[in-house]
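In the two complexes that follow, subunit A is the common piece, with subunit B as its partner first and subunit C second.
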Partner chain A sequence: MESLKIAATERSPEVDFDFKHGVLSLRGESYPEDASAVFGPIFEALERFLPTVGNREIRVDFDLTYFNSSSAKALMNMFQMLDNSAAGGARIVVSWFFAPDDDTMKEFGEDFSEDLEHVVFNLVAVESAA
Partner chain B sequence: MLAKYFRSFKHDLDQRGIIFSFSGYMSEGILYSLGDALRQKMALEDTDVGTVKKVFSVFVEQAQNIIRYSAEKVSGDVGKSVELSSGMVTIGTENNRFFIVCANVVHASDEPKLRQRLEKLQKMDKEAIKAYYKEQLREAPEEQSRGATIGLIEIARRASEPIEFDFDRIDAESFFFCMKVSI
Partner chain C sequence: MASFNLFDAEEKLLEQAEALRGSLDGTSAVVRGGFDTLLDGYSRSVREQRRLVKVSDRLQAQLATVNQELGRRKAEAEEALASLKAAQESLVQSEKLASLGALVAGVAHEINTPIGIALSCASHLADATAGMRKMFEADDIGVEDFERFMATVTDTTRLILGNCDRAADLIRSFKQVAVDRTTSDRRHFDLGSYIRETLASLGPHLRQAGHAVSIDCPGGIVMNSFPGALSQVLGNFVMNSLVHGFGPGEIGHIVISVDQPDPTSVRIAYSDNGHGIPEENRGRIFDPFFTTKRGAGGSGLGLHIVYNLVVGQLGGTVAVEPRDGGGTCFIVTIPKAID
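What follows is the complex of A and B.
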């Protein structure tokens, strides 16, 4: 399946989904007024990709520094899609990056991870988070 | 007279500790530019990263609420379809804290629900607000609300004190609504 690459804008994150190698990443900030315009293409691609993964290992990196509440809802949907796929046998490893002094992003990572039963979720503090 | 008048106007804003105040038609572009300037101003003053993030987050949610829910809107076609919403956002400092105030006209029919949501949040402590946020994150969006509830919870979560709000009746169909958040 063809990669999904969308450049970051002032209010939306960089999307780099390399489906061939099973490495998906979201990087930057997300606070569009209409979250569905940003996350619609992401959901669509995942809906096509996830049923094809079987028991492959898929890496999903979240390197976000800020998102608004409607993006948080979209991220929650995304995590549910990933968890469902992991329940079906895919080995999905999520890394949630945050700057060491960023309690808000750390707390969001903890909040999201609490609902995941099948995905492997790593909270990763990094100095150079985007 | 002109300079005297506007100097006095500016002085009045300065005396109230106001860093920025925007009144008028709000758009996503204005939100971005004001937000960017706000972050830069706070960074220049060595505001700690956590506070900058909280103030920015409350600013974004408030500005997006104005864009979505202001009862004062103009729309039309200027080569592309445009909708602008009128409101006010003011950011300043008082007693060593940042405050963010937003104001806009709301339809009288929207007032009871908005009041009820804000009163519910005022009564909650930090843990209850966090739990409520997580609950709403999983919920499907309420009809016509386009995510209003979670936006208000996000604001309450970042606030250092309960949200203050007020409604001033304009006429049978509308209220002037304002909300103040301290961080």
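What follows is the complex of A and C.
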């Protein structure tokens, strides 16, 4: 399956889904005016990809510094999809990156992972590259 | 109050649904499975709602913090701007005083010559009179002595009177300019005479370097305006020509011509045949602190003061116009009478 690569904009994150190697990442800020324009293609790709994974190992990285409420809902939907796939046998490891001084992002990661039963969820504090 | 729960209604519904689930034990597996799915979905939805409320609250709080910071910075910036404006105003005042100082120095220099001549004549007369008294007391005055003394008395008194008259004339013309500079009273004055008086008070600066001044103003234009401001404007133009227009050793020509574009206003064109103002600077010369001679004592306020006085007190406009064959030309257009 073709990779999905979308460059970051001022209000939307960089999308880098390398389906061939099973490494998916979302990086940057997300507060788009039209959430469906940003998350539509992402969900469409996941809906085609996840049923094909079987028991493969998949890594999903979330490295977000800021997002709005619509993006938060989209992230929770995405987590749910990943958890369902993990329940079906895929070995999915989700990493939630946050800056060491960003308690808000850390707590959001903790909250969003509450419902996850089948994926492996890591909270990872990283110094920002900048 | 203590037990307020934002999601009280949702939790009660969940409890009711759990209780209802218990009473479904006897029904078909399809009904129970469907009910479980609905219950799971609702329960998840409530959890998501809680998280979203939290996300939203956090975002609003961040926004409020940023807004507060913004307000604080805005207040700081406004305060800094106000203090800069005050500093600028005080610099403008001291520049005005400095130009008044230059005026006073010019006056002193100009009056010094006739007073000096009168003084040495008086001293010569005193010497001659003392000599005469000695001869008188010795009863030894010859006709020739007396004739010589009379000639000395005639010459010296003529010179003393003439030079004292000249000094008195000078003081009269300076006095009005100086009074006008230090007060901001509006009064009636004849434009042509006033321009000539102002230029006379600046005379020493001009004559020392050998510059020529021509004034071409129709007679009988009576202004009801602020002569001090006008004098300051002309003075600053002259200083501008002396500092920027003419290089050392160059002999320049300044022309002030007045006409009336309409019956209620006058147009004063001040021009020199000096180095002129480069086109790239023309848009900035009236800005405060713009100077090409920062290192050489320029304050960058002279023409800014001109602009403020013309546009503010005199209620007119000032522009700098390109001039064929070099030099600088300022056009000041002001109403003859200010309401």
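One rule holds in what follows: the second predicted complex is superposed on the first by the 128 of 130 C-alpha atoms of A that agree within 3 Å, B and C clash if a C-alpha of one lies under 4 Å from a C-alpha of the other, contacts with A are read in each partner's own complex, and residues count from 1 in each chain.
Here, contacts are C-beta pairs under 8 Å (C-beta built on N, C-alpha and C of every residue); 3 or more make two chains touch, one makes a residue touch a chain.
Note that the structure is predicted; figures quoted are calculated from it, not measured.
When subunit B and subunit C are set side by side, the one touching more residues of subunit A is B. By the touch criterion defined above, A:D111 reaches both subunit B and subunit C. By the touch criterion defined above, A:D102 lies against subunit B but remains apart from subunit C after alignment on the C-alpha atoms of chain A. In the superposition on chain A, A:K73 contacts both subunit B and subunit C. When both complexes are overlaid on chain A, the residue A:E57 reaches neither subunit B nor subunit C. In the superposition on chain A, A:E33 makes contact with subunit B only, while subunit C stays out of contact range. Of the two partner chains, neither subunit B nor subunit C is touched by A:D18.
In the superposition on chain A, contact of A:E10 is made with subunit B only, not with subunit C.
Shared contact residues of subunit A with subunit B and subunit C: 68-69, 72-73, 76, 104, 111, 114-115. Of all residues in subunit B, those touching subunit A in their complex are 28, 31-32, 48-50, 53-54, 56-57, 60-61, 64, 67-68, 130, 133-134, 137-138, 141, 146-147, 150-151, 153-154. Those residues of subunit A that touch subunit B in the shared complex are 10-11, 31-33, 35, 66, 68-70, 72-73, 76, 99, 101-104, 111, 114-115.
Residues of subunit C touching subunit A in their complex: 44, 47-48, 51-52, 54-56, 58-59, 62.
Here subunit A touches subunit C in the complex through residues 67-69, 72-73, 76, 80, 104, 107-108, 111-112, 114-115, going by the rule given at the top.
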